[in-house]
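Dropping the structure in here first, questions after.
Chain IDs A, B, C and D follow the sequence of writing; residue 1 opens each chain.
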Amino acid sequence: MYSFNNDYSEIAHSKILELLAKYQFEQNVGYGLDYHCEKAKELIKNHFSVDVDIHFLVGGTSANKIVIDHILRPYEAVISVDSGHINVHETGAIEATGHKIITTKGINGKITPPEITSIVNEHHNEHMVMPRLVYISNSTEVGTIYTKDELAQIKKICEENNLYLFLDGARLGSALTCDDNNLTLDDIAKLTDVFYIGGTKNGALIGEAVVITNSSLKHNFRYTIKQNGGLLAKGFIVGMQFEALFTDNLYFDLARHANLCAKCLVTGLKALNIEFAFPPQTNQLFITLDNNLIKQLQEKYLFEVWTCHNDKSTIRLVTSWTTNLKKCEEFISDLQKLILKK
Amino acid sequence: MYSFNNDYSEIAHSKILELLAKYQFEQNVGYGLDYHCEKAKELIKNHFSVDVDIHFLVGGTSANKIVIDHILRPYEAVISVDSGHINVHETGAIEATGHKIITTKGINGKITPPEITSIVNEHHNEHMVMPRLVYISNSTEVGTIYTKDELAQIKKICEENNLYLFLDGARLGSALTCDDNNLTLDDIAKLTDVFYIGGTKNGALIGEAVVITNSSLKHNFRYTIKQNGGLLAKGFIVGMQFEALFTDNLYFDLARHANLCAKCLVTGLKALNIEFAFPPQTNQLFITLDNNLIKQLQEKYLFEVWTCHNDKSTIRLVTSWTTNLKKCEEFISDLQKLILKK
Amino acid sequence: MYSFNNDYSEIAHSKILELLAKYQFEQNVGYGLDYHCEKAKELIKNHFSVDVDIHFLVGGTSANKIVIDHILRPYEAVISVDSGHINVHETGAIEATGHKIITTKGINGKITPPEITSIVNEHHNEHMVMPRLVYISNSTEVGTIYTKDELAQIKKICEENNLYLFLDGARLGSALTCDDNNLTLDDIAKLTDVFYIGGTKNGALIGEAVVITNSSLKHNFRYTIKQNGGLLAKGFIVGMQFEALFTDNLYFDLARHANLCAKCLVTGLKALNIEFAFPPQTNQLFITLDNNLIKQLQEKYLFEVWTCHNDKSTIRLVTSWTTNLKKCEEFISDLQKLILKK
Amino acid sequence: MYSFNNDYSEIAHSKILELLAKYQFEQNVGYGLDYHCEKAKELIKNHFSVDVDIHFLVGGTSANKIVIDHILRPYEAVISVDSGHINVHETGAIEATGHKIITTKGINGKITPPEITSIVNEHHNEHMVMPRLVYISNSTEVGTIYTKDELAQIKKICEENNLYLFLDGARLGSALTCDDNNLTLDDIAKLTDVFYIGGTKNGALIGEAVVITNSSLKHNFRYTIKQNGGLLAKGFIVGMQFEALFTDNLYFDLARHANLCAKCLVTGLKALNIEFAFPPQTNQLFITLDNNLIKQLQEKYLFEVWTCHNDKSTIRLVTSWTTNLKKCEEFISDLQKLILKK
């Protein structure tokens, strides 16, 4: 069995395990105040032309919850597309901090400026929550990405309407290294108020690096982390990982590998005239197949069945920093055989 | 500089790093549903004669928050001694889930049955919160431990008053392996409703194993974990660590080492007639010294200054799974010299 | 200016003010434990063949918040149509207690059994909230009502899926006394787990009577009321009002009057071929008019503009226990003149 | 039976019921935006030389919850004496909004500046909540009052430590009209950031007037009210009551009457050498009597037994705007007889 189930099924990249072994008995101060965290922050800050605060957190849901909890007043709400991770797959973590998520349909997993305007206009008095934050993901939950122009337009609408912009970068590596991308890390820092650089899905054991660019949000962020149970005693473990990932461009190389594998799949799938449910841009591909084909593929491959429609279903294939390119070719070849056999 | 600051200043035990390296490229399913977590659970369950559920969480504050959030109805409250970790050092994490902590003085960091009775009697109608849970730590935040008899009495009072009993075992290893201890893991399972076995402070990178013994609390616990941002994508990383810790008694050996080092310090400190703020039983020692002595020690050693009283202060010395026994002897010898010099 | 703006613009019915004057200096115990509350409960219980608990609360948002807060565990969610009051017009009061509202489109403000089934099927694991409660309003926020058969079908689906059913009866009087209705108070008690009988919008100063029919929800409800700031010191004031409202069928007579006035408007509007946005069944009517017509009507009448569509808008006309029937006729006559003038 | 149980056992003052009758059929806009609320605000504002915002709320617990919820960020905490109403008698309403109450002993129900300083000093990093608000009551829960000098000193400490000051005025009338008082309403506006003028316990049906003096706290307060279920549909009912209470000094006259009755009791009790648990200053008196004396008094009078100590108990006697002075004299005379009989 080979797994295209997700991008967090293997432990971590060797460079990371090597650092852990190297510093195994070094005594560090706790709670992320050590020099590895400092060094990792410096390495990341090299990518920015603006002044940012960086905090290392444990995982994606935790990062989303902490950032949103930190920003919003009780009566303020966050805007998201229906498919946003915070809306669907976090067991109400945002609502558990007291905040409504105002949802909108979006296009291919991405929010559009008119949708934001429309939500703002509908929420005009104290009988309704006050929209105060827009949440987007890049790459999105359906594998698509925002262009620089799209992001700039969203930021503009946010500024005009007193809304903060938060970008969930659980898969930011894959977004920034795919062919269609024209954004840099620095662009993202300039065009959002806060975002994070995902480690868990790009070669780390655990860890996400939250980058706060808006000064008014920097204050007391560690209080919010701690209150939400996100302040790791051994914070240096996450620091070291980002130290490894941001040395010699490892972070981007790993993401590039995931995209390369995805591209191999896309080329093959297109040749087989397979239908894509969303534009294939990064390391998450959504394709629609006959259910009996899916059943046969499942004998050899692991993947998620996303949605079902009568005798067809959409499945998700995910490649990662450690996907075996040969396995991608094998998958295409197996699929081709199954189609021909039909 | 040598650090007696805490028991989480080094990365992790070699057996743990070896397992991570060994399984580096193995593909595992996510969110703690993998076979390493299963295996670790089996290894831990071998210690129990009762049927328990086990869940692996990231850290102590997170574990406390999740367990308490899971148990209590909105109007229900948790009872703790003033010095309880949830009351002092978790930035209101429990209150952030909506629950009051009812505090009482305790003796040497431990709650007493009469204090529980008294709180229950005072909270008798709907104008006050309803006490529903007693929170204790073993070892406590001041390094003391509960005896089997003490724990049994607390459990009895809890049962008589419809209260759950939750034991914070962030430092359970140190408690169970110290000279004064007469409790086993199985005793604890029988005498509490839920507790956890701390990994972070006993050789793990991260991770605490929550053990639920009361059937009525087992239901839907994974929902509460996820909602609180505590469900790690790479759950197998924590599973593997407990696999290592519960193979060949490693967990207990590490804790025993910490206690051995502490004992070395205690013997030396007693010989020097140093005053202990709390009975020295486990790997946390609280001693009171003149401030100028402390200042001189700080040139060579790292430790926490706990409380200040005019020209004296109480400091905390913590030993760990990886403390160098020679450094303990050196500390005593240095202290002796400083005292003589005075 | 005459107001069709809402059904809570006048103080209260005379019978209520008379009771307040009559008992002005009577000394009563506080917090709803007085004999007026008891008497009012008895009068209401006469309508039920099942055993219920009754609690008097201050207002609608407060009642919705308290009931839902009482029922749900942190990870559990409530299902509602998009137009549900809890979803739109309560400033995130439900999310503020930590719970997600899962929304669905509905038909004419009413939820359908297939929508409930579909939501339940989509929420199948711990990465998503667990649906546990269905919220409906009768009459709905758009003035429509549930038939006995519709309510029975919803209850059946709820029971099959371990969901509680909560009926918001802020305008229950109007629902139960309209021509299309075939439900009794007792039917509602049998077909829901909890509901409330709205007083504020049917002649009371303040006050809603929450009726809990499911025994498992009765426990400790007063704790939840108090914690949410809903336990009135002078609870007897609300008790007395329901005493008045449930003596000699006053509650139903007042609602019948509101419906009578609405019917007068409906007849007139239909004769003028005015378009209804929702079937006109109770005391809330939604009609679509040219914007310039609306502007002219606003010189003489107060009403809410509900939604705007280019040069037309939908307005809401509300009649109440104290609406002047002549003013309804006058409104129709004025509208007719304005249409003819065009 | 005559009740000294509390100051909210009778419906309301005649002037209030008269206003309700007078305006019974007047059509008003909802949610406190009517002209009665405006007029009441003007009448109250006449007492202030500073610019304030006024909002009418339903009750004390609700007012405390809403004000504190509005002010604090999630990780911020409120400081209160142990006996503070928010700490003891609100069923964890404050914690339910996510905030810790940091408690201190106080003297006679009043907080002292050194206690505030000490709490601030102890809470110095992100592992602990951040104190941000001091909560006091005037008169206090044990019937004592703050002098102008005491309040000024507390305000000074608050300003030096970036703390807001909130004064719970559920019984402000009684405080401001007692013999020992040297504060005016305007002093209170100048020496706090927010406070409220209690109506429920001084002749109103329901209602407290929150006065916000600190500009930075005025923003969006109605959102917080609504989210907490505190925005009454018929807001004008509360407005009218404060219109009545702040016309011709009725509010102060009612409170003065309560104090007069209390003074009558105090004089009598002192003559009988009865022990006061707290200095008797306002309309709440706490006296300690033999249990058998209490039992005999309970045959004729209603009052709360506050605390029990072996064969004695402390009881609370409360007088109100409508207490019968003769009944006070009768109580003393009855007590005297019982003592003599012994």
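The rule we apply is simple: contacts are C-beta pairs under 8 Å (C-beta built on N, C-alpha and C of every residue); 3 or more make two chains touch, one makes a residue touch a chain.
A quick note: this is a predicted structure, and the numbers were derived from the prediction, not measured.
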Contact distance in steps, from subunit A to subunit D: 1
Superposition of subunit B upon subunit C: rotation angle, C-alpha, nearest 5 degrees: 180
Gap in Å, rounded to a whole number, between the CA centres of subunit C and subunit B: 51
Separation of mean Cα positions, subunit B and subunit A [Å, integer]: 34
Euclidean distance of C-alpha centroids - subunit A vs subunit C, Å: 42
Multi-partner residues of subunit B (each touching 2 or more other chains): 74-75, 90-92, 96-98, 126-127, 129, 223, 226-227, 231
Residues of subunit D that touch subunit C when the two form their complex: 2-3, 5-6, 8-12, 14, 17, 20-21, 23-30, 58-66, 90-93, 96, 200-201, 205-206, 223, 226-234, 236-237, 302, 322
Interface residues, subunit B side, partner subunit C - complex: 31, 69-70, 73-75, 97-98, 126-127, 129-130, 220, 222-227, 231
Touching residues (chain side subunit C, partner subunit A) in the complex: 74-75, 77, 88-92, 95-101, 126-129
